[in-house]
């Protein structure tokens, strides 16, 4: 028998009440599971409810039906124990703190002593040495996201949740950040759930890709990614990568929807 | 040279007013009992600075103490409403109403309640500083950077840590706006209160000198209050600019 | 919608609670005779024999307030537009305003009595207070146009004047109206202080006379009347502000 999954989403349906009393089904009977140390990406068009899945795992929402478990327990328990790491599209850095203090914030929130060496190590890992004392407003968009990712990792979380962390970046910076994240992740191997609508990003980073359809969100396909780790950026130019990329793009936009 | 030009560029308006005043007093030949010129007021200040010192110290101390107390009480109540949405719902509209009440008009009422002494002056400055502090801190505690509320939930922050690490620091720019609004007003309110009740301090000095027809002395007292008010306004604006710069 | 209704309900409860407390403190004489119950103050305001007194005082105060507010409004906006169009004047105008605003009203009042007489002093103080707030809010509103919009007008070949009329001026409207709202209580304070310096009529005169003659309920009635004037103006101008913001967003 397998060990219990790190993250289990079982038959989850999520409905939101709209203004005027109408209901909107964001997720319909979604199931997925992540093994420990696995990197899984939720890929889907915007508005397909992929962020809702991540928010359910982060205990920011409650499912209307079904069950979400992290290490076999309700996710709220994990967040109370400060064992979740998270990075959002808007970096959510505190503007009044410098880079080092922003990264150290989870220690303070957890009421723990700040491990200065851990913070310094992460600043090196995300390539921000020399920017310890800079304020978020002095950084570029890419640098802010590096800070947000370092902050997500600082407590050595059991589970890392990334919600479109590079969604606000330009294409070139985004590719660069993908390569960086791949390098950082290979050193830590934290169980990771990434939400994105970028096919290349999903292929380059994940072990497995879960493709969702929109309105209501349903799992339409699960794809295993065959590339060996550590991954070199050159795989993005391989035929296999291009072929899978085309397949996934088609799965995202069924032919009927294309003009 | 350029420093002189810069200073001139910034303060030409004030200089023009003072100059016009001085020339007008000289030309129209009004009696100095009715209206002395700026030079005469300055001379009166320079001749007997000790005369003004204790009054100034007293008014300044009352205004500063009242300002600090009012700001702290206002911020404290705002924090209480942050904890309880019931309290917030009950008190926020009341606070907004009171923040737009002409508090100076309440001085006679407060004087009757607290008695004609320094405590009333203090109470008035406290009340004048309290309402902006309550309203602005209350708004600031809820003006969080995007995504930060979710972040703190995922990190499993306790209510206390959410207050001290997120809401209170986030409120600093709004609190500095309250400080700027209240700082300049506190000394002026103290002076009006002292003037009306005739107890002590700069306002009393002004009232007493005026009834002795010593306008030089009366206006010298106002000049001191003006300088203090401008200085505290400029200092508070500096704090506000600093917060606006670092909290973006 | 339900959230809104809940906020309204709680807010009204809070205000009712405050009024009830006022009544209780007065009835129980917890603060002595200086704090009359709300009902006594309202009864005095409704007393027919007193109506002419209140009407005269209110009329004088409102007329000073209206005159002063209108003059301060026009001058404040005019000065801010001037500073906006003629950059070298800006810093000096700003300093002058902050300086005039910082001069204590009690100190200005005797000078003004000399310059404009006892009757004109309340309106002049109101004008000065209004001027300051409208200058500051108009200046900040005019300066807040997004650079991208400014570039757009320039690319389309608009002159500086076109930019001002079509862009800066309409975009500054919400800030200006917000300033108009803030100026109302401030102008009223100016009128009342001006009246304390010996105007023949007005709510401020009524307040001072009642204070000196220990007519406690009359004192409170006059103050309450002044507060009601301030709040109604604040509410009317607040509605105007909401209308303007809704139109421009």
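All chains are identified by letter, namely A, B and C, in their written order; residue positions are counted from 1 within each chain.
The criterion applied here is as follows: contacts are C-beta pairs under 8 Å (C-beta built on N, C-alpha and C of every residue); 3 or more make two chains touch, one makes a residue touch a chain.
Since this is a predicted model, take the numbers as computed values, not measurements.
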How is the touch graph of the chains shaped: line, ring, star, complete or other?
line
Name whichever of B-C and A-B has more C-beta pairs touching across its two chains.
B-C
Which whole number of Å gives the spacing of the CA centres of subunit A and subunit C?
52
Per the centroid of Cα atoms for each chain, what is the distance between subunit A and subunit B, given in Å?
49
Take the average of all CA coordinates in subunit B, do the same for subunit C, and state the distance between these two points in whole angstrom.
17
Give the residues of subunit A that touch two or more other chains, as numbers and ranges in rising order.
none
Subunit C-touching residues of subunit B, taken from the complex the two chains share:
9-14, 17, 30, 34-35, 86, 89-94, 97, 100-102, 104-106, 108-109, 111-113, 184, 187-188, 191-192, 195-196, 203, 206, 210, 215, 218-219, 221-223, 225-226, 229-230, 233-234
Could you pull out which subunit A residues touch subunit B in their complex?
58-60, 79-82, 84, 86, 88, 90-96, 105-106, 108-111, 135, 137, 161
Using the touch definition from the top, list the residues of subunit B that touch subunit A in their complex.
145-148, 150-158, 161, 165-166, 169-170, 172, 246-248
Applying the document's contact rule, which stretches of subunit C touch subunit B when the two form their complex?
6-7, 9-15, 17-18, 31-32, 34-35, 88, 91-93, 95-107, 110-111, 114, 184-186, 188-189, 192-193, 196, 203-204, 207-208, 210-211, 216, 219-220, 223, 226-227, 230-231, 234
